[in-house]
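Next, two complexes with subunit A in common: one pairs it with subunit B, the other with subunit C.
Presenting the complex of A and B:
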């Protein structure tokens, strides 16, 4: 539909990436090794533009992200900065969706002692749970607060064994079992496509947004982009001069979070959340 | 009780040490489950799922949806791209449906109450029973009424519904022999339909052509968060903002106000003053639309403040009574006059009126619940909607539109199945008092044509006009959703035998004798609904996209069928014989069980949409299976300006002076041998004489001490009609309602008032009204108008589930707004008053 740049990706790469990915997946299922698809994103510099005028601050991206990536309660790979400033009758409510900026010069990668946090195909800042020792240097180094430490373990709510009404309602664990889910009744197994066994991350390591690498290798857009009801998130390749992200960036002053730190974030913001028209004035002394 | 880690760390760490300890123990016993293979033998992540069509009824947008099903599990939700109404867009609440369908606190089997005492503080002590036992008990109770010629003491309470509703709501109630089918409509937004009906003859909600509009005034409407067509409007709002100015009239900074160019933080209840002043200004400035409204015969604008005009000087085209309206009401209603009433600067009122007027006819005056679901809200409904008439945006490009034509059909008639007992029974008066002098409920012009939902509680309590002995409620929670909810606690406790058909043990369930577990409307049910936006109407189906985990049945079809079978076993087979008339239109087969019945009934209702031989218009299908797989039918595009000159009013014109309302009021008055002025007095309106027939200003009617803060109630963008507070994502994202906090229920106070009251952010406070009280957290917020206190509806459950309630059956999480809002009414429409109706006192806990 309106996800034209998504269709671009899928049209261009779906057959190529999808078929190979599928084969690799089945192979890995036999051998038990990781499903390493032939990447269709290598050589790209993947980025996201967030058009704040389209964004309505609804949070659908956050829920969709949690849904897609089986993210546990009170952890948010896709998050937001919101605040109310100003005084009545002229207050302003601001909202800005946030996520991992997939920085070109990612400080989290520099500080990782094991290489768990690394730059991957598509210039994605990627995390390999298997190599993570939970030292949290990446969290310290990330200026954006988008890396989370898995302190609590797995989905506390869904591990509850006690029903609300004896024999009248189920326990959370019973729901998941009966639905044949995994920890979560609505567990999304596709999250494992790029890295089996990491559909839900273990306790004691960090986790963060991967631009939905498991979807990208199938030619699908990150789920927050796909699910955004306002099409405020636009995804694409900065290396392609014709990509929608480059076209949109050419029209507006864009900004990135904490640009002065030199991290070269790849999440760009254009336009304003607030419409803000006014009658022209010179103000007064 | 469920405490999130956020709550635990934030403020309860020490207090809840025991809870934390338990949690840690529980957590460490969990072995990571990392099965690599599904039952299919393939790796889970390689298993392809399927997007299956259905419908979301989380709010009354009624979007067509698709659910991604993998190996029988629902794991994702998106908009059904086949719908021309909502397309692929999905608001946040749609995703939350996953946490509803898999809510551990869903009732999984029928239950019976074992504690004979009923009350807010009486644990019902439910025990599971079989469907057979439950249905036998229900059938016995109904047969007892029939044996005693007391069928009018049967009551059906309906909450949210699909259009399969008539099977249980209308047909079953009538064939049993009761007049008492009471819907929720009057706690929804009936007063919102009042304005459009008595100006343009349409008792309905509207759709708005936002892509072609240049100015939008929203009256308490918050389409980026709540009702109606939220997914559609949010999907195109950015485009609308590129072309249109948006002005939001609301005492609190709503989600839509946050993105608007003008916020008009009106004093609650003063919307009518603002609308009248805008109309005044539009006329004085000469900004009315000549093509629609007409003009002065000599072309000279004689509208000037304070001046009466001769009706013969003005020639109207497609409207009626403009000069009457001016002379009776508008001539003195200047922006300066309204500034004093509304608390808004006169220059802002003037600026918005002129901006809106100049943008006409491509401009929208968008009326929602806020200004109209008030004690004297009917005339604000008229005034706000009449602004569309002035600038000619009614039925016009970039304006306000009605619904497109659709071709569903009703179920077979029940008439021949009404036996003598039933015919006598349905002649009794209804329990909600509709049509009495003080409750005109003038739905579509008819005295008593509408419901007075919330007054049914008083009818039950006072046994007026009779006692209720047997009640069945479905998909409703009046003990939570109706104002002054404690009346429902008492009323439901008083009914000797009541049944609740529900997904969760809600506040209403608490008082039930039998609980019947309902399937989830979006994932497990056959049904259909109609909805419109984007210049189209769609008919979208609820479909069983997954197999339910528990022993649940469909509220509107399967359960009435099963009751009908039990009644037939007891010698009363009229209902079953009636239901057997719902034949499969494809095969002519008579339904033999509840499952066939549910499906055939739906195929019958939608027959003309999917059968090419019956084709009437809109999308065309090859047959039932084609329609089912697509999931949605779209109408033909909207025919603009077709209704100009042929509106369904008494004069066929858009009525500024409503002859239609005059007739409706006269008939109601005549029925009671009273004057129209008597009716207005009984309904607590100030207007007398001619004023009653024009949009005009009425002083708001409020309860509570003058020094209290006016309570501002509103809807959450995460509310699935009060049914989503038991979802983790609801609580986690609660701060997405501007000003709100995650995992909390905050009352937002302007810092100016807070300083006076000595309240600061985070304080536990109690809000006291003349009819109740609640406890919540204080939040200082500049988005609240001084003199008011704003709090979102949705929290405050003391039942429903482990997350929704702080302590199930006992302590609410936050407070329910309806506990402090007095039960009063906009009586001309029968609506409950939710807004501008009470001032509250704030005390620190």
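Presenting the complex of A and C:
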């Protein structure tokens, strides 16, 4: 992409295309969505629409999230609701991907005693690990159960003394010592970009979905959106009347989880996972 | 002589129990500080467990001292006999509660952010402010009482209860603000918490006072009998209100328009009925209402039952509100429905630390600070 520009500007500068006249249009054409053209997220109200009709329930979003953010087992920043309702011979399977709703009126933000949980650029509900005291009030307060407490430090694998191949490879513990503790899987260099010092996911604090802000500031999409094989996740700015999310929300009835609580979630669901049909009748007794 | 010997034997036995409890507690605290909350029974679905419940209990015990404090400040006769021990109890239970809440934090080392980066909208932040204020007022109050400066102590005795109501009603708000969990009682939680504080605090003062007389096998004076009976009658009134609260909470929970999982779970537990309702509310209520059982021994038994029942009730309240997973899938993924919690040994040890530390500090206070001394009325 940067080659096609022809100017002597870095890729990073180019991705800040929003400020260059005409670049946004080119970016839109190249990437197929306005979200990618925006390098800065401040002043935006970022939201996600999940089109359940397109969703095939493959779980790629959950795996992608784990890959991108190095989330350990038993913790899922991106999860799903799945259930079978109805009885034979008419059962129905439902599937609904879930993630942090980045509520406009987020109870976790209101309750956090130190302001570690806060509203950041792009109206993202963000967590500052440096300020978190680990009181877990946000977990109690969140109506969606999407905040997790990190009980583990480094994965136990990294304190293993045994080399994979005797006299052939180093042991995991040696690798840890060489890397001065900065080892996978709980190290995420990408996170350092948006929030310096948070690359290593610390023990004793809470954590949650960040809408992949480290990708957003580079002009990329959240990784779950990127990874979705059926493009069921649409990401964009609610403040931009022309954004794809606004276009989709104008076409379909949308719903959000537990709307009655007044949290104003910013993850919308449109259409149905299961496209049912039935024969027309006048009803039955 | 023989009586003294047996009383000493009880004291030594008691000391051994307290010190063993303290040692286990210190182990629990050190273990928790080193290992973090990994070994605890708390999970993402039940983030608060027995330690949080115990914290609520200890802060309630401390804030409940307001009954004695107000009684003394208003010049009710006889309260000068117990005011000093009540204020001392309030200090040590608040201190023990502080240890519990610090150990309950995942990152206690970062707790200073409560001061340098406070969120004015958070009830938890306000609770910390009231907690500190109350502790300072209690220490001032006690030092004034210790110097027999009753006049000034009575002024503090009017102000301190305001801070006590502040600390425990904001603690109630911490729970009440969780909109997604109706079990916590919403807007009424802060009021409910003040009631709980009055019950636990009064019961603790009564229990400790009557226990001291019972262990030392000394006869209670008429003034002491009168003031304990007055407090017992007051406690009966508070228990009556608690019965009403509990009844309507459970009935409201079972009403069709509320998600009733948490309520039904409570009502299905044998110990909810046996310990919280019967032992903790009904039996002491009758013991305190009946003139024949409103004796020092009756009050000793009744107040002990109230303390046991109220601790169980804090467990039921704190954990009961959390058992319902917030999203449907979690029920199927990790736990049965509702979510399960069982306290780990480390958590129980931490609670033991608070209990034994309170007992030890009180024994020290009785020996060194002359808690029986009667400050003169001006």
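Note that the second predicted complex is superposed on the first by the 210 of 285 C-alpha atoms of A that agree within 3 Å, B and C clash if a C-alpha of one lies under 4 Å from a C-alpha of the other, contacts with A are read in each partner's own complex, and residues count from 1 in each chain.
The rule is short, and it goes like this: a residue touches a chain if its C-beta (ideal position, glycine included) is under 8 Å from a C-beta of that chain, and two chains touch if they have at least 3 such contacts.
Predicted model only: the values in this text are computed from it and were never measured.
**Student:** Let me test your reading of the model: by the given contact rule, A:144 touches which partner, first (subunit B), second (subunit C), both or neither?
**Tutor:** second
**Student:** Return first, second, both or neither, reflecting whether A:136 touches subunit B, subunit C, both chains, or no partner chain.
**Tutor:** The answer is second: A:136 touches subunit C but not subunit B.
**Student:** Is A:82 touching anything from subunit B or subunit C once the two structures are fitted on A? First, second, both or neither.
**Tutor:** In the superposition, A:82 contacts both subunit B and subunit C.
**Student:** After lining up the shared chain so the two structures overlap, which partner does A:239 touch, if you call subunit B first and subunit C second: first, second, both or neither?
**Tutor:** neither
**Student:** Contact-wise, after the overlay, does A:152 reach subunit B, subunit C, both or neither (first, second, both, neither)?
**Tutor:** Both partners, subunit B and subunit C.
**Student:** State whether A:254 touches subunit B only (first), subunit C only (second), both chains, or neither.
**Tutor:** In the superposed model, A:254 contacts neither subunit B nor subunit C.
**Student:** See if subunit A has more residues touched by subunit B or by subunit C, and give me that chain.
**Tutor:** B
**Student:** Just subunit B (first), just subunit C (second), both, or neither: which does A:204 touch?
**Tutor:** second
**Student:** Do any residues of subunit A touch both subunit B and subunit C, and if so, which are they?
**Tutor:** 74, 82, 152-153, 202-203
**Student:** For subunit A, which residues count as touching subunit B in their complex?
**Tutor:** Answer in residue numbers: 1-3, 22, 25-26, 28-29, 32, 35, 51, 53-60, 62-64, 66-68, 73-74, 76, 82, 84-89, 91-93, 95, 152-154, 156-157, 159-161, 163-165, 167-172, 174-176, 178-183, 185-193, 196-197, 199-200, 202-203, 214, 226-227, 229-232, 273-279.
**Student:** Quick one: which bits of subunit B touch subunit A in the complex? Just the residue numbers, please.
**Tutor:** 2, 4-6, 23, 26-28, 30, 32-39, 42-47, 70-76, 78-79, 81, 87-92, 94-96, 98-99, 102-109, 111, 126-128, 224-225, 231, 234-235, 237-238, 241-242, 245-246, 253, 255, 258-261, 263, 265, 351, 505, 515, 549-550, 717-718, 728-729, 732-733, 735-736, 738-739, 750, 752, 781-786, 801-803, 808
**Student:** Touching residues of subunit C toward subunit A in the complex: what are they?
**Tutor:** For this pair, the touching residues of subunit C are 36-38, 42, 44-45, 47-48, 104-108, 110-111, 113-114, 117-119, 121-125, 128, 174, 177-181, 321-322, 325-330, 332, 334.
**Student:** Would you mind writing out the residues of subunit A in touch with subunit C in their complex?
**Tutor:** 74-75, 79-83, 98, 107, 110-116, 130-137, 139-153, 202-206, 257-258, 261-263
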